[in-house]
Amino acid sequence: MANIRLENVSKRFGRVTALQSVNLEIHHGEFFCVLGPPGAGKTTLLRLIVGLEKPDEGTIYIDGDPVNDVHPRDRDIAMIFQNLALYPDKTVFDNIAFPLRERKMAAEEIRARVAQVARMLHIEHLLERKPGKLSGGERQRVAIARALVRTPRAYLMDEPLANLDALLRLEMRIELKRLQEQLNETLVYVTSDQVEAMSMADRIAVLYKGVVQQCDTPDNVYNLPANRRVATIVGSPPMNFLTCQVQRMDGQLHLVHSGFGFQVVGSDHPLWDCLCRALPAVREVLVGVRPEDIRLYPERPTEVIAFPARVAVSEPLGAETIVDVQLGRDIIKVITPPTQYFAEKQEVWVAFDMAKVHVMDAQTGERIYTTGAPEQLQCILPGTCA
Amino acid sequence: MDSNVAIPAVQEEQVKPAARLRRRRFLDMSDVRFFTISLTAPAQYVLLFIIMFPLLAEVYISLTAWTPTRGGDWTQAYRFWDWGRNYVEVFRDLAFWQALGRTFLIAGVAVSLEFLLGLGIAFLFLDEFPGKRVFYALMLVPMMIVPAVAGYVFWLFFQSNGPLNAIISLLIGQPFTLTWLANDVTAMIAVIVAEVWEWTPLMFLIMLSGLVGLPEDQMRAATMLGATFWQKFRYLMLPMLKPIIIIALVIRGMEAVKIFDMVYLMTQGGPAQATETISIYMYKIAFQQVRWSYAAAAAMTILVIMTILASYALRPLQAPQREVA
Amino acid sequence: MASVRLENLRKEFGSVVAVKELNLHFPDKKFAAILGPSGCGKTTTMNMIAGLETPTRGSIYFDDRRMNDVPPGKRDVGFVFQNYAIFTHMTVAENIGFGLKIRGVDEATIRREVGQIAELLELTDMLNVNAGRLSVNDMQKVALGRSMIVKPRIFLLDEPFSNLDAAFRAYMRGELKRIQREIGQTMIYVTHDQVEAMSMADNIAVMDFGVLQQFGTPDEIYNQPVNLFVANFIGSPNMNFIPCYFRSEDGKGYLVQKRGNARILLDDRRRQLLEQHPGNQDLIWGARPEHLTLHSEPSRSEYLRATVRFLEPLGPKTVVHLELGDQDTIKVIAHPSYREKAGTVQWIEINPKYLHVFDAKTGFAIR
Amino acid sequence: MTRRPTWQIVLRYALVLIVVGLFTFPTYWMVTMAFKPKVEWSTAHGTIYWVPQNPTLENFETVLTEYRGKFFRANQSSALPSIRSSIIVSIGGTLFALLIGTLAAYGLSRFSVDTGDLPWYIALGRLALLILVLLPFMVLWAWLGIIRYWYGILSFTLLGIGADQLIGRLLALYYRGPTGSLAFSILQLRMFPPMAIVIPVMIMWSAFKLIDTWYGLVAVYGVVTFPFVVWLMKSFFDEIPRELDEAAIVDGASNWGAFFKVVLPLAKGGLASTALFVFILNWSDFLIALLLTTRDWPTIPVFLNSLVSSEIGAQHGPKAALGLLAVIPPVVFGILIQRYLVRGLTFGAIKR
């Protein structure tokens, strides 16, 4: 039952800045994911919330109370560590009972609650065993049980599925999601796996180098990434970026790539405004297109405008095939259905889904604009622009 | 997960409420800083009391001409204050410097031999072979034998009618009766043999753990690339063992310089001063000649010399502390 | 350049059988992968090919030469270890040149060859960096380079990407495939990641418990799995499996769900096949999530009725988990904008072309 | 791997046998000597006995019973008091070292960033500065005559801690980096020849009337072996994932609770090994006991020494018997903890 708020929180370790002015509000009952590559400061964020580290600047509030100076045990927040931190010398029962014993609960009550939690997580038969004798998935459940048993105000999880194999991870992912829906408690989940974040979270905070890049719903993070980092972190394979020159000619605005280009249609368009305002400074932009928003044609298509390109490598994955295509000077990755076959070095035609094109500042990587409809930005063929 | 089972919320009366957030007060026992200090405080206090206090007393006494025989408590030593004449004397004392040199000689020779033997024996024990555990345990016994007892055993060993001479007699076929401990050179050899015997097992253990700890895949990678054993030894094992070798040499060197028990029980520093190490020298000054303030000055001089040496020696030890092993 | 042939290869560690009577032929100049969960004997197989382990029984042939008694250093095999086994006390250049150095090649030649390899792997800038300081990603490249420089006949790679971060792994997948095409060497690649095997290999050998399950092209492995294990192991999200039995009515064959009443009409070929199958009352049908389509109306009679339980939006697609009958869960990949609420009734269309039927007892596919 | 040729196996066995034989022989000689009757002790009669011809327990009896006028001088009694003394003092010293060392090790393992990183010149400078600052006070306290009394010692020690802290803070102003010197000074402690430290300790102990008492010896043993405890236990604590204590704290334990309920039980094995290891060190000591005991509490090595110096060459058998008795505990314990011997003797720098 908690609402966690971080205000301008910074944390440094020696000369290394782990977190830089983080502002976050995690609402009650929310499945909140913190997504970022290793070393982004995700774990530090959790440790700050739970109280194992103190922020150098800023304040952390739990339910409106500042907790910077509150000892971790008085914060009543459960944390599941990446290595699970099960006590290896204690039985599963004693592991789960530990938080209750620390709260001086009666032995009867402890037994009843542990039994209940064990039943809920299907680990009743393991209670007398030591953690070393359990499988990865079972250990995972014990760690969750230890957190659940004391009904804390919030749950923090640090890459809890990172050490499981692929199939088990899939299974645990679904269980976790359902568990959270059932508990309806605040859950902060740290992961470096974008699939986990996308599939489970109500909201995602994308963290990179200690800075929150974007904090939004999975849909928005995926479809309207705030900057180049977010677009790279979310989505697999990551978004393709094409470096384009911004050129203004004859009242026309062109984004020119090595070998092809885009034309901004209509001067009443917001993108036009954005680019024109920034034009003297911004000479280059990145045009970002996700691999699934690109189509490949073996022949020149007539219905859409397509650019000639060459296949470098194709990687069949069964359900889909990822094709690396040499387009101008860039190599872009394209997801194609497995029914389409492209040989290496084959000439192909590339067409973009113009409704899902992102334009980003080449210097800062910040998103300038995302097209919502194909009319806003149109492809033009090489030769038609300078 | 079973959706039919729900956990009831913890009732307030069942459990002491942890929800009430406590702020830190002055000297809060739960503050991490306070905890850290209280963990190391006993150690720091004891260090200060049993190391710093005597050290200061030593400096104090070394600046006077006090000895127990001159009467008075050591605290009254200021009555014999003589502004460090003892130190001048230490610098002029040939016996002191000779003892120091002898100590380094013994340590140097013994530690080098221990290292070479230890490395060689470690290679013998690298692979599995039947009976390895027994031989291994037997190999370790010398380092666990009380040095004083070892001193006595080697004293027995090197007697003119002892087993060593008996063995040599058997080998050369005629009676051999060298009194090892009565001759300058042979007494030194005896002391070094005893030291090597006692501590080669440690070197062997260190080298073995180093060899065992060598990353197997790197050795295999070299094998796959076609390297012979000597190439692997030269290009991979030695460079990779380097930090461990340095640590082993430094630590053994440190300990060997302190040598006292064994030498004292074997030769008492004799014949004459032939095997007198720095520890025995100081023992004699303090307890046979009862010149305490002079002994204190000598001890301070040694402390300074050792500290400087130690600081250099410890440097390789400080850095690889976490990387090795 | 050589082909690798394993004949009745067996390896026991004490009483544990790591590899059981393995027969495989990896063709020359091709990229082959050995795929399986941890402990399936794939690394042991690899070590036996390299000569780091001696087989208990059976033979290893490179082309037509029996290699069992040839010491590992003489097999002319390049080996990239899972943890890279970089010589951390040497520079990158010394690492890459090590194989030549111990062969007594002169300094100038070594420097030239190292330069070429570094160019190919984009390591030129860090040749003088101490190898212990490299990032995992670069270590991996150095390990590749160190094996490549001696131009081995066969390249063995033991899960070389398992320690890399996801983005670099995806990048290296393409790179390695490109390098293999460029140098044209036989590569055998061990992995537990089906994506890596599928995307890079020309041939895949799937192993489990020391037994070869299936050997074929990625396409065969994916679309014609021979048994439940292969079908389940390949593909993410994994294949749906629904226990069922065979029923024949009015000359038509159906697969009827055991925990529910979903029925699938079979084509004639399948019907005849299953009629003659002795265990036809204990079957499992399987279909990959991407081969199922959701409809909101039962416009065709053979659609299966299911209820939405929850969604996993993944960005480019949404995985819909539905309940089929009483207890069976079925996953369907839907359009990214799919946002039906839990409890909604949906109708699943199954493409009969992609329907797999397995014998529940033996696990084998019935085709 | 391919199998080794036979000649290599034979050669290796031969070498192992030779080496182990050489290293075992002195021990063997002592063991047999302990069981030999007097006629077999020496080669004075022209023959040497490699194996006891008539094994006897007479030597043990001699050394363990009161003086019977047979071998020893009148003022010497049996070895039993020295055995008792060795046991009490070694165990006491071990417990003392464990008590202060384990806490410090945990502190260094979990909360310190400075272990071993402090440049040696800073550590040395700090030490020298401390001595310079404190020396005048010591002379003053001596002149005042209060250093002999408990309040004098207490006030001086408090002053010392204050000065130590002050110097640490001052250094921290100019030297940005790790400033704690505990870890380093502990290690450095082992560098000094004990002879150089023991003389002033002896002076101090005689002032405090601690010479020839078991508690006086226990205190010194505790301090001398305490660095081993710190480094050994620190290496054990380092192996316990930090997340375990943190999980305990998050689960509601206090800092002390996490240490006692989670970390210490996990380090049980390490603690036991450390205890045995430190016991061996204390048991083996000769020098400190030689200087700090006289009549009442001589340990076995000191007693042995008094036998050697009394009638040289006469009683090999009883001395070997006592030596054998003295050697049994360390050898037994040593074999038990052989895995950790290396770690202990190299201050945790090399793990096994």
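Labels A, B, C and D are assigned to the chains in the order they are written; within every chain, residues are numbered from 1.
One rule holds for everything that comes next: a contact is a pair of C-beta atoms (placed from the backbone, for glycine too) under 8 Å apart; a residue touches a chain by one contact, two chains touch by 3 or more.
Here the structure is a predicted model, which means the values were calculated and not measured.
J.: Tell me which chains count as touching both chain A and chain B.
T.: Common neighbours, chain A/chain B: C, D.
J.: Would you mind checking the shortest number of contact hops between chain A and chain C?
T.: The least step count works out to 1.
J.: Can you identify which chains form the pair with the largest number of contacting C-beta pairs?
T.: Top-ranked chain pair by contact count is B-D.
J.: Between chain A and chain D, what distance separates the C-alpha centroids? Give it in angstrom.
T.: Centre-to-centre distance between chain A and chain D: 56 Å.
J.: CA centre of chain B versus CA centre of chain D: separation in Å?
T.: So the centre of chain B lies 11 Å away from the centre of chain D.
J.: Touching at least two other chains at once: which residues of chain B meet that condition?
T.: Residues 18, 30.
J.: Multi-chain contacts in chain D: which residues touch at least two other chains?
T.: Residue numbers touching two or more other chains: 252, 254.
J.: Can you list the residues of chain A that touch 2 or more other chains?
T.: Within chain A, the residues that touch at least two other chains are 71, 73, 103, 150, 178.
J.: Looking at the complex, which residues from chain A come into contact with chain C?
T.: 37-38, 165-167, 170, 173-174, 177-178, 181, 192-195, 198-200, 218-219, 222, 232, 234-238, 290-292, 312-313, 315-320, 322, 324, 335, 344
J.: Give the list of chain B residues in touch with chain D in this complex.
T.: Interface residues on the chain B side: 18, 29-30, 32, 35-36, 39-40, 42-61, 73-78, 121, 124-125, 129, 135, 137-150, 152-157, 159, 161-163, 166, 197, 200-202, 205-206, 209-210, 244, 247-248, 251, 254, 257-258, 260-261, 264-265, 278-279, 282-283, 286-287, 292, 295-296, 299-300, 302-303, 306-307, 309-315, 317-321, 324-325.
J.: For the complex, give me every residue of chain D touching chain A.
T.: 241, 243-244, 246-254, 257, 262, 265-266, 268
J.: Flag every residue of chain D that touches chain B in the complex, lowest number first.
T.: Contact set of chain D toward chain B: 9, 12-13, 15-16, 19-20, 23-27, 29-30, 33, 42-44, 48, 50, 99-101, 103-104, 106-108, 111-112, 115-117, 120-121, 123-124, 130-131, 134-135, 138-139, 142-143, 145, 147-148, 153, 156-157, 160-161, 164, 182, 184-197, 199-201, 203-204, 207, 219-220, 222-223, 226, 230, 252, 254-256, 280, 283-284, 286-287, 291, 300-301, 304-305, 308, 313, 316, 319-320, 323, 326-327, 330-331, 333-335, 338, 341-342, 345-352.
J.: Sort out for me which residues of chain B touch chain C in the complex.
T.: Touch list, chain B to chain C: 215, 217-218, 220-228, 231, 235-236, 239-240, 242.
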